[in-house]
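So, here come the structures, one by one.
Note that subunit A is present in both complexes that follow, paired respectively with subunit B and with subunit C.
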Partner chain A sequence: MAEGKETKARLSRWRLVFQSPTTRALAALAFVILLGIIFNADQAFFKWDTHRDMLRQISVFGILACGMTLVIITAGIDLSVGSVLGLTAVLFSLFSLQLHWPPYLAVAATLLAGLLCGVASGGLVAYFRIQPFIATLAMMVFARGMAKWVSGGQKISTAILQPDGTYVYQEVPAFFNFLNSKILAGNIAVVTLIFFFCIGLSWLVLAKLRWGRYIYAIGGNEEAARLSGIPVIATKLLTYGLSGFFCAVAGICQAAQELQGDPEAGLTYELTAIAIVVIGGTNLMGGRGGIGLTFIGAITIGYLEKVLSINAVGEASRLMLTGIIIIGAVLFQKFRQ
Partner chain B sequence: MTKPRSRPLLQMKHIGKSFSGVTVLRDVWFELYPGEVHVLAGENGAGKTTLIKILAGVHTDYEGEIWLNGAKMFFKSPHEALIAGVSAIHQEMSLVNSMTVADNIFLGREITRRWGWMDYLSQEKKARELLAQLGIEVDLKQMLSQYPVAVRQMIEVAKALIYEARIIIMDEPTSALNDLEVTRLFKIINDLKRKGWGIIYISHRMEEIYEIGDRITILRDGCYVGTYSLDELPPQNLIRLMVGRDITQQFPPREEYRREKRLIVKNFYLADPTQTKKWLVEDVSFDLQAGEILGIAGLQGSGKSELLHGLFGSYGKLTRGEVWLDGFRLAIRSPRDSIKQGLALLTNDRQGTGLIPPLNIVHNVSLASLGRFSPKGWMHTGEERAAVRDMVKALNIKIHSLEQEVQTLSGGNQQKVVLAKWIMTSPRVLLLDEPTAGIDVGAKYEIYNLMNQWTLEGKSILLITSELPELLAMADRIMVMHRGRVMSEFTREEATQESILQAAMGRR
Partner chain C sequence: MKKLVYLAMLLMGLLVLFSGCQKEETTGEAQPGKEKIKPRWTIGMSQCNLGEPWRVQMNLDIKNEAAKHPEIRVVFKDAQNDSLRQRAQIEEFINMGVDLLIVSPKEAAPLTPPVAAAYDRGIPVIVLDRRVLGDKYTCFIGADNKRIGRAVGEWVVKRLGGKGKVVELKGLMTSTPGQERHSGFREGIKGSEIEVIFEADMKWLEPEARKEMESALARFRRIDLVYAHNDPGAHGAYLAAKAAGREKEIIFVGIDGLPHEGQVYVQQGILEASFEYPTGGKEAIQVALEILNGQKVPREIKLPSRVFTRENIDRGGEWLEDQKGEERK
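Here is the complex of A and B:
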């Protein structure tokens, strides 16, 4: 009898493990990796370089997804991340390449700009109670316009137009090269390390700081949170502000990778960021999820892209397959038992 | 009443059900005859709701058989059950607030002409007839959200009439109704009885069960205890059958512990945020001693809940008047400030404004005292867990693990989680709005005991409850409100159900 009970308890513990979102997200990841092992053109999947490049290519999206995760846990959404990335990439290039500001100043000013964009969206959501979808949609359009206005519609690069109509090519600043390099004997890209740092920062906020509790509580039941004395407005400002901050980090990385500030950069990136969060298993209804899930989601998407590209799947099929696989992963996570 | 000699409308035989390995119903029997109000009773977690959901086609993987009018049935969906004549009026109602009254009544059974063209005129005509029959006056073209819960419930009944259901399941239909509305609902139930409908009635309120019920089936821990005629089952025995143990009294004895004045409210006003020049609470003054329970009675719309919310700062600065706590003037600005100053508010809507459903027990209980566990912003999770565990033990909350999501708990335990959250803030004044609504007898008794214990510790309680026996047993004094004003005040000795009701209805 006692033994039977114990078996039952163990069984239910297994069930809990299986039903946990982390297990499900890992299963989706394992499936994609399995695809990579099966469809392994030129044995590319067994080379570290492939994995390093995957991590490098997903980093910018992953950084955006960090902020997106925070916002989605408060039951919001941030559609402006792609545009703010574009704006901050332009600003960073402008500060570094044309105004020749020292790196720390250029970085600080760019991060501040991203933060302000986020706080502005957050203010619309928190003070004026505009739906996050609408508020950040407006910010998405506004930031894109601002990126074009600041840059005059041109890509800001190392080529400087002279009064006589010719271009002078400047040397690329050392900081750009550093951001774009691979360290540890070329085994990992600097942007990947920045991505990991952003994941760590988000984890601190969500799991270790009081603010993290506020974020989950607001997403779970905003009115109950308010009546429990949680500063709802300040928390939303912080959350959207952090999202803007991460956009700026991603914008800096993007500018360094492209060696220019493109006002069109980051178009549709918000959709990839949302896909990463959702594939990880963070619930769009708010109150549930976590940054670990988003990390798994990011590398799942990264591997998916990688597997499709090493097998030279054409873009048309690639997009269709990606769509199907995203739905498959999400359905799999919903599927119980 | 038609006695079990006619043919039963409904028979449920050997019903069993388990959720992921845990058995919640075992070999349950249930029979319903035409013209009968059959009460389904049991503590929270006894399996009442599961049984109802099986009947209403929500759960489809169960053991046993359902016979309707002598034919074996299997409902694959709530819609099939509806068409077969089983209509359920749920605690969470199945109405769409953003649609008009008429559209709601005909939802899923719209009257159409050819090619799906809506026939609004016929719908309105039919709806008007139905509502007249039920004795409610509403504007059919108004949004449902305009109307109070009581009216919405009647509209649910009207919807059941459209489907020509023969069996109506009412799951705690009176929990949000005032006494007048309850009387009206009972009149409708009696009409339906006379027409030969069968009504399955779930309630935790003893007086109601005896007033409206004919027979009662009792469940305990998912097992069938028995079916009894209510005429032959005294309340004492009913409680014993439900809890499986003796509760000699429904309420623990209460001793008065008056010390010094704790809360003084002088000429308190609360403005209506939706309308200018209208007060939700008007010129209310009272005081509350340390260790005292002051009961507040009143019908819906009397402003009693609004008074608590106003004092707590839920409405921000829309208040006027003076509030003194232990000799200090309270600044009412926000719930956050009020909590810091020693107030705690248990709202009357556990799911809507009390719990954070997706969060676990630890995070729900510590929610209002996070500052204590994170003096520098970093959460000390070990300390937090230990404190929550102590609280869970002190309030005797039955859980599997501290990491369980609160929505997996039964109603009584959920309520204790919300209470634990507030006790953790060490409040000096507890504002309790319907602390025992929708929870079972055993848990109620425990909450009464806790209230006594807290007042012994010197905390003061402002108590709102729509159950008059509870108010009379627990409150040391009773204040009756009517239309935002205090109508009269009674000591416990003076108060009777009649005198309170009279004052609540506006007569001194």
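Here is the complex of A and C:
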């Protein structure tokens, strides 16, 4: 009799573990890694290089997903992340490749530009009470247009147009090469470390600052949050602003990796960022979720793409498989209830 | 009050935008410092998508050539990759009463009727790069992707001595240029011992190309050459190889040869060769002037391409073997 009770208790503890969103997110990740182990493409999956490259490739998306997570927890959405990434990549290239600003100035100005874009969407959402979908959709179109306007539709690269129509190319600034390099004996990319840093920063905001509790409260019930004296407008402004800031970080990483600022950069990246957040298990209705989940989601999407890529799966099957696996992971998350 | 502030902000923003953008829309209008010549003819240029650098270059080529001829004025419109928008813009040009129309259509079928409508109204139409259906246009100017792909294939066979392992990074395979650059290349290497060991669709995008190349590098210890369907793709592959410390042992080849892209990459030693896919912008204006001056023009003009290599880049490239003598002066 006593033994039976114990089993029951152990069972429910197991159920509890199994029901936690983290476990479920990890299960999806494990499934994708299992796919990689089975379809290892002549052992390519077992090389550290493959994993290092996966982490590098997912970094830019992951950085965008950090901001997206915060915004989604407030029950909002930020569709402008891809475009703001494009704009900031162009600005950063313009500042450092063509205007030859020192790195700290170029970085600061670019981050400020991203922050302003975010605060602008946040202002539309918070002050004017425009739905986040609409406000950030407008910002998405606007920022893309601005990226094209600033760059004149051309990629901003180290090739400088001379008055006589020829091009002179210059050395890539050392700061670009640094961001584009790998450290710790070539074992991890600098952009990956930046991604980890952004994850850490978001965790700090969500778990350690009062601001983070406000974010959850607003996402849970905005009216209740307002009535209990939470500064809703300021919180939203800051949250969207931080998302814009992360876009600028991602834009700098993108420009450094491409050695140029492409006004088309980041097209449809917002969708990948949303997919990362959702696969992790953060609820689109707001109020629930976390940055750890987003980290797992980012790695899951990263491995999925990597496995499909090393096996040279055709584009059509790749898209269908990605769709199916995203739905599978999200359904798995839903079984909790 | 809130609404009023919002409206005022919106209006101000729009005003700033319009004052910033409107200037570049046309050429040939009163240049400061120069004697004013009233343009005799207006040419409408309907571009399907200015999101691609190659098409930006096309407009630039048109603009630069038009700037030499004060008797013409070119009005540019960008359809932003939308067939229906391009259709509407062609109709706007017809209503505007332009003297000649240059169209670089997004797709053949939806743009055939408006082009035909312009032609029936007596407006000469030059179709640039992509075709329309039927024969209701004045002149078609374009290059041949398949031929360029074949030239790359033949060049690769020669460069590798008839044997080697090649990675092919394909452009969007649902687009005709992607398909033709692929099939032409395969024709070019047919019969040799060139082996394509890895192929992937990088959708013309540099980050995608870098990603796919990293997979290829992880899988294969020996890669002799990378053929990318466009120069940004080849550049992305180069960056991947460089990150793996293997860029010295691999040859990179791309297509497009834009002055600020492929040609610069060749100069920098990143690509060993870039094959030009000419925009035809300059030729379009030359043909337009011939038409406007009442001369007869051929119904179809095939643009020859050049190949840029490290050896010939300073001489401005070299015309492809089978296309010598085709170039328009």
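Keep this in mind: the second predicted complex is superposed on the first by the 325 of 337 C-alpha atoms of A that agree within 3 Å, B and C clash if a C-alpha of one lies under 4 Å from a C-alpha of the other, contacts with A are read in each partner's own complex, and residues count from 1 in each chain.
Rule of thumb we're sticking to: contacts are C-beta pairs under 8 Å (C-beta built on N, C-alpha and C of every residue); 3 or more make two chains touch, one makes a residue touch a chain.
Keep in mind it's a predicted model, so treat the numbers as computed, not measured.
The superposition on subunit A brings subunit B alongside subunit C with room for both.
The larger set of touched subunit A residues comes from C, when the choice is between subunit B and subunit C. Contact with subunit B, but none with subunit C, is seen for A:225 once the two complexes are overlaid on the shared chain.
When the two complexes are overlaid on their common chain A, residue A:209 makes contact with subunit B while staying clear of subunit C. In the superposition on chain A, A:217 contacts subunit B only, with no contact to subunit C. Panel annotation: after superposition on the shared chain A, the angle at the CA centre of subunit A between subunit B and subunit C (CA centres) reads 130 degrees, nearest 10. Once chain A of one complex is fitted onto chain A of the other, the partner contacts of A:176 are absent, as it touches neither subunit B nor subunit C. In the superposition on chain A, A:295 contacts neither subunit B nor subunit C.
Judged by the touch definition given at the top, the superposed model places A:101 against neither subunit B nor subunit C.
When the shared chain is aligned, no partner comes close enough to touch A:245: not subunit B, not subunit C. The minimum CA-CA separation between subunit B and subunit C in the overlaid arrangement is 15 Å, rounded to the whole angstrom.
Across the complex, subunit C is touched by residues 41-42, 44, 47, 49-50, 53, 57, 128, 148-149, 152-155, 157, 159, 161, 165-167, 169, 180, 182, 254, 257-259, 262, 264-265, 305-306, 309-310, 312, 314-315 of subunit A. Subunit C meets subunit A in the complex at residues 2, 6, 20-21, 50-51, 53, 56, 173, 198-201, 203, 206-207, 210-212, 214-215, 217-219, 236, 239, 243-244, 259-261, 263-264, 267-268.
Within the complex, the subunit A residues that touch subunit B are 8, 11-12, 15, 208-214, 216-217, 219-221, 223-231, 283, 286-288, 337. Residues 20-21, 312, 314, 334-336, 338-340, 345, 347, 352-359, 363, 366-368, 370-371, 374, 377-379, 421 of subunit B touch subunit A in their complex.
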